[in-house]
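Data block below; observations after.
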Amino acid sequence: MSGPRHLVSIDDLSLAEIRELFERAQEFARDPRAWASLCPGLISASLFYEPSTRTRLSFESAMLRLGGGVVTAADMSQSSASKGESLADTVRVVGGSYSDIIVLRHPSEGAARLAASYSSVPVINAGDGSHEHPTQTLCDLYNLWVEHGRIEGIDVVLAGDLRYSRTIHSFAYALARFGANIICVPQAGFEMPEYVLQRLREEFGVEPQRADATRLGSLAAASDAMYLTPQKPHQLSLFTDARGWQVDRVDAVYMTRPQTERHGAGESTSEYLRLGKRAMAEESLRDAVVMHPLPRRDEISEEMDGDPRSIYFKQAARGVPIRMAILGTLLGRLDSNAESGAAPVQRYPVKIGDNPCPNSTCISHTETRHVSPSYQLASRSPLRAHCAWCSQELPFTHVACTSTGHYHLASAPCLRRVRPDHLVFMRDEGQARELGFEPPQRAARTCP
Amino acid sequence: MSGPRHLVSIDDLSLAEIRELFERAQEFARDPRAWASLCPGLISASLFYEPSTRTRLSFESAMLRLGGGVVTAADMSQSSASKGESLADTVRVVGGSYSDIIVLRHPSEGAARLAASYSSVPVINAGDGSHEHPTQTLCDLYNLWVEHGRIEGIDVVLAGDLRYSRTIHSFAYALARFGANIICVPQAGFEMPEYVLQRLREEFGVEPQRADATRLGSLAAASDAMYLTPQKPHQLSLFTDARGWQVDRVDAVYMTRPQTERHGAGESTSEYLRLGKRAMAEESLRDAVVMHPLPRRDEISEEMDGDPRSIYFKQAARGVPIRMAILGTLLGRLDSNAESGAAPVQRYPVKIGDNPCPNSTCISHTETRHVSPSYQLASRSPLRAHCAWCSQELPFTHVACTSTGHYHLASAPCLRRVRPDHLVFMRDEGQARELGFEPPQRAARTCP
Amino acid sequence: MSGPRHLVSIDDLSLAEIRELFERAQEFARDPRAWASLCPGLISASLFYEPSTRTRLSFESAMLRLGGGVVTAADMSQSSASKGESLADTVRVVGGSYSDIIVLRHPSEGAARLAASYSSVPVINAGDGSHEHPTQTLCDLYNLWVEHGRIEGIDVVLAGDLRYSRTIHSFAYALARFGANIICVPQAGFEMPEYVLQRLREEFGVEPQRADATRLGSLAAASDAMYLTPQKPHQLSLFTDARGWQVDRVDAVYMTRPQTERHGAGESTSEYLRLGKRAMAEESLRDAVVMHPLPRRDEISEEMDGDPRSIYFKQAARGVPIRMAILGTLLGRLDSNAESGAAPVQRYPVKIGDNPCPNSTCISHTETRHVSPSYQLASRSPLRAHCAWCSQELPFTHVACTSTGHYHLASAPCLRRVRPDHLVFMRDEGQARELGFEPPQRAARTCP
């Protein structure tokens, strides 16, 4: 595809490109007011289908610092959309001549990918529901890179609500990709979800280890800690005793607020972690920078604000230079030497039957007119597939093959040999029969 | 008046000026990012009393492309207006030094004319209720001009809800003024209103003809078509047989969405037209561009999006260069060789009695403090008058003369000789007597 | 403190600085479009926790005229704040790198001072509840200065709702500070509050005089007038007869709207003043300019709009150049020769007991996490103290001394000698005892 370059997911960028962004951001940060000659005449459009003032101002400030202009729709959900306009149409109009780049915030998972597939100008994902928020992740990584000079090999504590925080999940994948080690210190009951651990295992070879976090003191007092380290089985083997890995010293503590708006009935956070001077007095945390995506409520005490290790306000401030780097790059105003993109992900259409995505706020459900349900393979054995829009795992008990016309149990070994674009996912055997596929017993031998 | 030049109605512009705008827009469109030196230091204020993100962004983008600045009040109805401020006052403040030009969107018909009469800087009407939206109309005409190189003599199908769509009515007047031919293909029950046809007849000599639209195929299957051609009685005479005019080939199909928010109880659009590949496969439509003011819902099928005749996204994109031309001209940054303005319309105060405008959302009713009800004559025989603010036709049964003191039936021939500023419109005879006018029988001979 | 310079209160500026701002504004006003090279690359952030479109547009226009950029949060109360973020945190993020100056509007009294104490960039108070709105006051003074060439010694009528109008109170203090004379002509029942008169007396030596305002005609017909003149006791003595001071001629009439949103149950303004041509026909008002902070409702008749003495629209327009001067100065882009600041006001922490501020919307109550209750002394005898955040007078019956450990009646003479930072304010004697202070009889001799 020779269309414009988008930033829908952090996976759209190669490690080399990300490092290049960091270096540019570094330059911008030295004197943010000196770059107004980079993008004059160019316009960025903020299309926010839910308000997010902080993110919006950060992008708009970055564009203005580059000398560009900004048009703003701070709450699209109350505008044209009310006349029933699809996101695909809006993006084609706004990207047509109104603007040279679109910054999109949307409550539906997958919205940014949809927008990118229709837009003639670059689309930046500024948050699509609980899916991705790549510029936040890049900002967090950039902070580690600035503070520690590298990301590979550093030890990062993720603390608090690790279950519902989108920021944390994306950050964990990115840390693993960059080779950092993660120590999970969840609020009790808000542990890192299984599907996140699974992806960490499948993509980065991360095997979770029980961790002895007594040296973290009160920070880890109320929970079991877990150690995640990518691609280093030889190291891990050192720790495969009963006690697991021993936390020694930490480079960063990343706190998150309780995502109370996503919590269920029984999920109380009245006893939520509160990081203060006492907790941070442990020797193991002596050089640990304290990070937080903000806004915070009580999870970091105000007494920490003056502590030199507290970088959460700096962290937010660095959102501007990193976004300047992203905007300048996608607008083609910065030359790049880095090899671009990761290997493109294969996506396959869902050919027969209902849209199998179980996520009701997925863009494949909320904007059916312009979205063809599609999936990508996560693994062949066991067979697992994700919604190509919102990345949610597809549930199925049986899988059919459009070429042979039979269906199988999802665990059937023969499925490994079916071409991905021949796969059809069935929520149950009944659906397979309704759609006219033949039962597995008669078909077993003929596959594929 | 030596005040600033406004754009309240497309009638404020001469044909020569409109053509000049097209030529400028053409230049701007060639490289929209190359004009940032035209309006530096100038500021446009978006005053939107109802949200209309698309229109607002289009204007703001145009101003930024010209190098100007923008201040935005995206929903004035929730701001100072709540402290009871009149539009006349707001315009005098915002136009005082806050901005060099005002882009006004307002739900009351006539609001832009009121604003213009108080503002010391140019006012652009970005939609005043269901009255006018001249930059949309200019954009539509500009598209025809770009696509066909001319407007005069081309054949344009207007399809869909021709009854309630403001866009369509303004577009029809403008097409007639430019000498284009119109083929009305309404949704059944949503035909072009009589008052629109009347104005077309009075101003442009358009006599509606029954049209045989069988060659349009399914597009016209469910409705009677009508042919409207301006100023060509000799041509029309060719078709005055029983079958009317035969539709042969078409240069443009202009679709509109059902204006469901204005529909009454019995007006269903469940069977609304849906323009797709099949309908557009007719030979008569081979070279017809497909236009739509957007947002669309279902009235144009997505399958048309890739068709080279579909220009609706281009059409929206061209809104920026045409608005650049309008802004640059009104701000005095573009020299003009065209003879300016149409002949100024005479407006007369309503001297006695109540405000006769029947439109309850007319600015003459919603902002009484700063508006003197006034009217303009539409014809002398039969005597017809329009509200000078909202253009709605005034209803009356009797008319009096302030000079002679008598009243007459509205159809009385002697009224033709009364000076317009002596006319008083009466909803009935009783009102005439209440106001102290004498009955017609005794007065008949003395006029004037 | 070597932090940035803020504009929280007009008292933050010396008279010399204010005059310098006027001179700059004058220059800007000559050609507002010629200064775009003053602040390129700089960004102003509009943080509005309640909408105020007029004020916001005035600031944003000023920043654009200076060549700067603007990021806007037009209604912060509906954004991040909903995730529970404190103002102190927001200001640290937005002032971190998003912007070079913050324009803050907030419904809590004292909010701007709080913001300033946390921000690393200048904060301009664009209205904090019913507390201060210094740029409005500066704009009003600037208008008098432009119209009359000076402020000292001119006679200004303040008319209308003098009780609830924040603008009027701040304006009265400022007029007194500049040595102007004030004639109060209140709407009956809406007289200038006692605490305002008290501050005028204490800070500027103003002794209210009964005034004979018969020469003002109908403007003063329905109320008792009062004359306020600063620092001129020798002059005042001339008028200390039964009739008080005789109003002779007036330089300005400043009308205010009824602050109906703050009125109690029995406070009707159905008979509110309405300034029109007849009232302004008095000889005493021949040269009086008519001012109004806008928006107006009915308190100034439209018939005055064309009167050359009516400057209320000019007054609003001058808000842009004066704000250009303020922005340029605080951003450090204008050299200053004026001696800076008034003597800094001493503020003392409230050490013991509850927050004594009686104002429930004071920022010391609404943002407890980041605000330490504190006060400033207004006078030693009688002992009076103000909330250091919202300036409301603290109510107390007894006062204790932390050093000696005793408490006294608020009127006790010995309190004059207690160090301000030893004072503790008690709502009643019971509170004093609860907090462990000793009763006054036993302690009387030992103070201090």
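Things to note:
Chains: A, B and C, in written order; residue numbering restarts at 1 for each.
Here is the rule we use: contacts are C-beta pairs under 8 Å (C-beta built on N, C-alpha and C of every residue); 3 or more make two chains touch, one makes a residue touch a chain.
This one's a predicted model, so the numbers in the text were calculated from it and none came from an experiment.
At the interface between chain A and chain B, two copies of one sequence, fewer than half of the residue numbers in use are shared by both copies. Rounded to the nearest 5, the angle that brings the Cα atoms of chain B onto chain C is 120°. Work out the mean CA point of chain A and of chain B, and you get 48 Å between them. Residue positions 70, 72, 74 of chain C are each in touch with at least two other chains. For chain A in complex with chain B, the residues that touch the partner chain are 40-43, 45, 69-74, 76, 78-80, 83-85, 89-90, 92-94, 96-100, 369-370.
Touching chain A in their complex are the following residues of chain B: 29, 32-34, 36, 51-54, 57-58, 60-61, 64-65, 70, 72, 74, 257, 294-297, 302, 313-314, 316-321.
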